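Note that subunit A is present in both complexes that follow, paired respectively with subunit B and with subunit C.
For the complex of A and B:
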């Protein structure tokens, strides 16, 4: 039983790692794809650099959200402050579960937001006057990353107060 | 390359599409009073009107620019070779006739092909068809032997044209690119219908039609051949039951109206690629759009040079991609 309980911190740390890892990978893919499209447009028309740069940055936010969740989780379990607490296996698993929304939704939404941003870069290439509208389409995908971020934050903070 | 590796290429194509001639630009060209005025407008749009060789030189330079861009973007252009197959087979036909007739005709070869015209000519001169791609070997040999023994130029044409259509169709079937599949199917179907109409007008026999028509997915060539033997009305009746029913009025008007209808149909079918941000299909669509644009400019310029009426030029002009 002591061995199982000692795994609590491992589960919690695994959750924090997933929260930083998966959205980070997703963001890298999304920003990479939009970067290619942006380079294609700027090759033909360098004056569109500012507009396509904004669109390229949109899928990068999930990586930041993931990092934020990882920070909160690490500070809750004491690893960040250098005073790691002994937490039960149940609590560790709860931390792991709390990190999963951000991990998975962050990963998928970054990739799909990247695709939407690539399409929007095509729109800006043809109709630069529609830049405002072109921002809305990929920004809609952001909604789901923000929802996942909220669920993960609320859960992690809530778990900290549980006495298990 | 994987489909997601065309993101850069497609984004550049999106920007390039802005320079394609749209319907207003075509109207502007049609409204020009002289050939020189047309050239002036084209020069303003970035066309290289200063090349030697007049209008044809300019159009060839534009085609070169397009292929260079595609080569730069896609790296390997072999996927788009299907668009050049008809030129290869034209060159094969020309080389066979030139060698058999022992005459030299200047400017008989198309410069754009997957095989250099000199290679084709040498293969025919030396009767070594193994130098050619596999798709051209058997047809080249058969057409050469036929022309040599029968001196029947039409039979030679039929053999090579059929092989050209079969090559285009096979390339379309093998391709995962929807634009190439669409192009292959429409090219073969259009050629079959054109052959059937010409055969019906000249009273050709069923045997000729069965030899000339190439199978494709959207037409039953056996039924088309039988319809052609019965006359043009039978061809129209047959087409009414196919996906080419809307071609019937154009077919009744003239073969040139039918060709225009086919070109417009292809452009309409590939137009959705304007909104496809991934895959190689928008590159293929751009190539076809540029070919279509070159065709439109050629029609307008030759109309202006030969002082044709505005109406007769207008009825030949195709729809634009953008």
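For the complex of A and C:
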């Protein structure tokens, strides 16, 4: 039983790492794809740089949300700042679960937000006056990343107060 | 806070005043000219001014090209915030005065372009000569000209054969391939693995035989021909190249002499752009032999001064009327300093359509509020406010849209700072981190309200509350719009029933134990109130079922449609949940700020002393600048989303056309024309 319980912190760290890992990969893909589209637009019209840059950044937020969850988890389990407490296996698994919404939703939504942002870059290339609307389409996708972020934050903070 | 009232204007003037009147209108910039749909006949005609228009656009092009060339030679010195400076101020008098300098400026523009053409021609020549000189290099040791063909009795072959050859291999080759020919003399001028340059002499009668043998070996004559020995020729080319280079420098200096006329060229570009637009308007006027007729739209408040100004100086007949119902009336918004900044956000969605109010003022309050909650850091807010405030103060003439955007972020900054102090975030937890790292003191900046990370549920509830208020305000506007248009039934069915249903359900939920314990509420709505709310919600629901499909005549279809519109309650649920982003984004800012502080403290705090402090400051600055930028973008995008999707979804569809007056400002690029005696 001691051995199983000693794995608690491993589970928790695994969760934190997943939260940083998957959305980070997703955001890299999304920002990469939009970057290519944005560069194409700028070759034709350098004055659109500011607008397409904003659109390129949109799928980048998931990576940051992931970092955020990882950070909150790391400081809750005491790896960052303060002595690492011993965490029971159950609690470790709970942390792992709490990180999953951000990890998976962040990964997928970043990729799909990237696709929507590529389309929006196409929109801005043809009709720069529709920039306001073009931002909304990718932002719709981000809603789900934000919801996942919210669930992950609430869970991690909540788990910290549990006594198991 | 309103959509300005627009009047239809009809102006009839004498043709001899046409130019002056239009110029005045252009400077005033108050009238949007519209087409008058009138069949042309013997009396009423429209003039075709395509020829003058193309001349003007030619001049504009010429001026812009000349400016480009000038900027390449001597780049215009621009401060960092040049784009904020806006257009230079000019007066209509300057515009008139420029008339005398117009033609000479066009000539100057042409001269600059010709000089630039000469330079590019010379550059092309240099390139050609350099290539020639390069291809002469293998022939340098040849001391006869390359076009030397021989003497009376001897034929000379000058050319190259592929691959490397030696004198012996040439003789050998000729002996085998041209056995009949007499004595030959071969000289290798240069040899390399790619090609061998060859000078070969043969008797004249053997010429044909040797030539065909050489052709078999792939012999080609040099591509450059000259009547001088190659080395001498190359020297000559070098001399010509340096002459051309001197020529280019001389021409560049000539171009630089034109630098003093830069502002004239800019003026020319604006002047002819304005004339181009003016002639475009003239082309749309209806004219008879002596008079012309102009129709268009003008904001009601500007109609009186316009009439006074025009009748004072010209003999004209002017008439204002309310635009007809089916006219495509343009939309012009008018708001005070608090609400005007968000007009840009509204405009990028859509301007108010027919019968819709201008939501700018109501939207502005929510906009700043929501933005502040999402960014929610006192220091970031103060930085934003200061930066925008200083820029606004320093650059008075910036473009209107830039001015509005900066003012919007100024107000957003104030709200951000407010929420930062409420939630105790100042560069995240910088105060306590710096205190404990460098001064070993436990200083904290206590939140005025509460710390979100400690009580996330409380903040979540608050976010939902904000969302409900926001949505209900939107519904309220919808009610007002329907009521004002006399659609009382719509106002009741589409708004009041929903108020009853959603509002009743919320109160009902708050009276249940489950909700109270889930959200950790400190109060519970008494059961009787909850029960009443339940009844109200039920009445609302029944109302929606009965009236939701009122557009259909078939009663069964009507009820089915009504049930379907009741399903829209899920839309309200997701709309309210959508406001949870206020919490998530607000937390994101402060937690990432804390991450930055922690990293800075780990990097700098471990070392301590001056070096540690320097490292701390570097990490701190870089991290926080990145965090500000990313979260600013996030807050901006998501505030827009909440306005566009959740708020506008309740009452606003837009579709108005922007009022685009015939004005000098819309045609010019460098100058802004203002009357001297007016503000």
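General observations
The criterion applied here is as follows: the second predicted complex is superposed on the first by the 163 of 164 C-alpha atoms of A that agree within 3 Å, B and C clash if a C-alpha of one lies under 4 Å from a C-alpha of the other, contacts with A are read in each partner's own complex, and residues count from 1 in each chain.
In this section, contacts are C-beta pairs under 8 Å (C-beta built on N, C-alpha and C of every residue); 3 or more make two chains touch, one makes a residue touch a chain.
Everything quoted here is computed from the prediction, not taken from an experiment.
Annotation for subunit A, partner touching more residues between subunit B and subunit C: C.
Using the contact criterion defined above for the overlaid structures, shared-chain residue A:40 touches subunit B, although it does not reach subunit C. In the superposition on chain A, A:58 makes contact with subunit C only, while subunit B stays out of contact range.
Of the two partner chains placed by superposition, only subunit C is touched by A:68; subunit B is not. Of the two partner chains placed by the overlay, only subunit B lies in contact with A:121; subunit C stays clear of it. Of the two partner chains, neither subunit B nor subunit C is touched by A:4.
Put simply, subunit B touches subunit A in their complex at residues 4, 7-18, 275, 277-278. Every residue of subunit A that touches subunit B in the complex is listed here, in rising order: 33, 36-41, 43-45, 115, 118-119, 121-122, 125-126. Contacts from subunit C toward subunit A in the complex involve residues 345, 347-349, 453, 456-457, 460, 577-578, 580-581, 583-585, 587-588, 591-592, 594-595, 598, 630, 633-634, 637-638, 640-641, 644-645. By the touch criterion stated above, subunit A contacts subunit C in their complex at residues 54, 57-58, 60-61, 64-65, 67-68, 71-72, 80-81, 129-133, 135-136, 139-140, 142-143, 146-147, 149-150, 153-154, 157.
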